[in-house]
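Here chain A shows up in two complexes: once beside chain B, once beside chain C.
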Partner chain A sequence: MAGRGKLIAVIGDEDTCTGFLLGGIGELNKNRKPNFLVVEKETSITEIEETFKSFLARNDIGIILINQFIAEMIRHAIDAHMQSIPAVLEIPSKEHPYDASKDSILRRAKGMFSAEDFR
Partner chain B sequence: MGVSESEESSLLLDEKLLRFMEQLELLEEKRATFNSLIEQGWFSMSKARYTMGNKQVSALQYASEIEPLVCVQTRTLDNGEVEFTTEKCTQTCSKESGKDQRAIEDIGPQEEGVRRRNRPKREIAESTSSDKAPAGKRDHNAQQDPLKWFGVLVPQSLKHAQSSFKQVIELSAEIAALQTAVLSARQELKHSLQNKHTPGERLSNSAGQGSRHNTSAESKQEEAEKQLSATDSQ
Partner chain C sequence: ELGKDLLKICGFLWICRAQTIMKARLKGAQTGRNLLKKKSDALSMRFRQILRKIIETKTKMGEVMREAAFSLAEAKFAAGDFSTTVIQNVNKAQVKVRAKKDNVAGVTLPVFEHYQEGGDSYELTGLARGGEQLSRLKRNYARAVELLVELASLQTSFVTLDEAIKITNRRVNAIEHVIIPRIDRTLTYIITELDEREREEFYRLKKIQEKKKQLREKTELEIAARLAALGPIAEPANMLTEEADEDLLFE
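Coming up: the complex of A and B.
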């Protein structure tokens, strides 16, 4: 497994998933488990969260790409993830442009510059 | 002596802070490129959808067997940073998907110019047998190139979308690496800030200025730790 490299997983709307799968990141493993989740209107938050957690638990995934508006739904789960592998990247979606102030990583980095730290 | 030490640590802190800022700036730049590339990809995909029909470019078209063509190599460096590099998967599919792509583009007469109709029979048999072999291979790997899920003759815009998403994937690995670098730089900065504050207090404690000072220094330290953990939880 080490020689093969890790996968890139996607949780996103249809266009985001289609685009990244066109790019060649998609995989259906032996258990028919995909490394992507197409989030539609009827997809529940628990389903998203469970998929995200299952991606975190898989050791063959290196990066998880997630639409920012979906990340907002499961923010607590993303904030709780502290390891550097897999890396979680918040990406824009067609309807929702990227907002850096919502990004977990940038908010963590910004936490550095509170007034208390420089007393 | 103490002053020069503190000056030195301050300079070191400044240096780290500057590096941290540089990394943040680079991250922002890459994010901007990433966003514009992904927008371009969606635009091309929408154009393809307009050409092919609404249902032709959707999740329903995904193949039943999907193999990754790109994967990331991760390497943890000594300073806690993680390096992410994309590479083509070391499977035969990656090589042959290139052949498939060419096969789409090469549709049309194989031989240019005048065709020789009256050829001896032996020559014809040879040429057909040599043609059949790659055709069989193509059929076997037809599902490997994701472009083929959407049809054999896909519009150019879908190919554009594919190429921009490939670039996006490469960039996402770079951004992931940069994100871990930013976080580790922040951690480092936090530790050195902590170290800068604590030695001074320890010095004052060792000078024996009384137990009251001692307790106040401890409480300060506790307070600082609380604040740091608060920023972490944010």
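Coming up: the complex of A and C.
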């Protein structure tokens, strides 16, 4: 049973957003609201959290991509998100390579696997 | 006395019926518990599979992203900073995802499937220089998106299964540690009751038999005594052996 198409949202630094937008995921909805947020040095944590929550509330977003270092800033909001959709994926950025120990999802399964599995 | 006996018999029958019902319930609870255990095992197996796949895919994703970021740097070097142009020219998404349903042991798992819609809205941003790097960049990020959609599916399945397994195990434990012991205790109680009633019945019957025997013996003695007291019994006259008949007037 296929549902209607859902968007992929991005919360990331400028490079990440540019790259994914070029990949073709960007869209402005009826109210000219984007499905992405470019996070710069000046962007406040509140704004990031608000955008994240608004993405969660939208029913046309299926996946939210978020740079891991930004996810760290709003870790509590991400951990509080218990539903399976939208799926929240943490991706690395240029300056911050992927760190499995910080990933929300993998922390839930802590103890089920060891560091060796990552090599 | 008959009414009392009838009640006792009805009670006895009722207890027998209750025992049958309880046995059926025990069987039902055990079957239910076994089925749930199987479901929990199937879900856990799938869960571990998915976890392994997630770890594998996340590692791959790290590499793909690195490569994509690198090609972005190359493109920027060749074409200058196009970020603003890209960000301001967002219109409609060409890549979207659909949510499909998968099923494992009765649990529906959401699965993402990506698909294309519409053409490339950045066709015009080929930009004077760096067109080749730009198209390679687009391809890399498109590949990253595919991988990430797959990862998202794995993740949602992971979360859904986690919940389902917790619930199923809770039910298994409830049956095993609450319901089955309760039925067992009821059955034991019923059997003890039955045993006791049987003993009561047995005792009652024995008592009745004894009383009857005593009564019979007493009556026999009484009859013998009365007979003795009467003396020899005058037998009534036998007409056929009579010598003379008084009633005959003429002989």
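Here, the second predicted complex is superposed on the first by the 106 of 119 C-alpha atoms of A that agree within 3 Å, B and C clash if a C-alpha of one lies under 4 Å from a C-alpha of the other, contacts with A are read in each partner's own complex, and residues count from 1 in each chain.
Quick note on the criterion: a residue touches a chain if its C-beta (ideal position, glycine included) is under 8 Å from a C-beta of that chain, and two chains touch if they have at least 3 such contacts.
Keep in mind it's a predicted model, so treat the numbers as computed, not measured.
In this overlay on chain A, chain B clashes with chain C. Look at A:5: by the touch rule set out above, it reaches both chain B and chain C. In the superposed model, A:68 lies in contact with neither chain B nor chain C. In the overlay built on the shared chain, the residue A:107 is in contact with chain B alone; chain C does not reach it.
Look at A:51: by the touch rule set out above, it reaches neither chain B nor chain C. Put simply, of the chain B stretches 20-28, 110-118, 128-136 or 218-226, the part that bumps into chain C is 20-28. In the superposition on chain A, the residues of chain A contacting both chain B and chain C are 3-8, 14-15, 17-28, 34-35, 38, 62-63, 65, 84-85, 87, 89, 91-92, 94, 97-98, 100, 105-106, 108-109, 112, 117. Residues of chain A that touch chain B in their complex: 3-8, 14-15, 17-28, 34-35, 38, 62-63, 65, 84-85, 87, 89, 91-92, 94, 97-98, 100, 105-109, 111-112, 114, 116-117. The touching residues of chain B, counted against chain A in their complex, run 20, 24, 27-28, 31, 34-35, 38-39, 41-42, 45, 57-59, 62, 64-74, 76, 80, 82, 84, 87, 89-90, 97, 146-147, 158, 161-162, 165-166, 168-169, 172-173, 175-177, 179-180, 182-184, 186, 189-190, 193, 224, 227-228, 231-232, 234.
Chain A meets chain C in the complex at residues 1-8, 14-15, 17-28, 34-36, 38, 62-63, 65, 82-85, 87-89, 91-94, 97-98, 100, 103, 105-106, 108-109, 112-113, 117-118. Remark: chain C residues 48, 51-52, 54-55, 58-59, 61-62, 65-66, 68-69, 72, 82-83, 86-87, 90-101, 110, 112-113, 115-117, 120-122, 134, 137-138, 140-142, 144-145, 148-149, 151-153, 155-160, 162 touch chain A in the complex.
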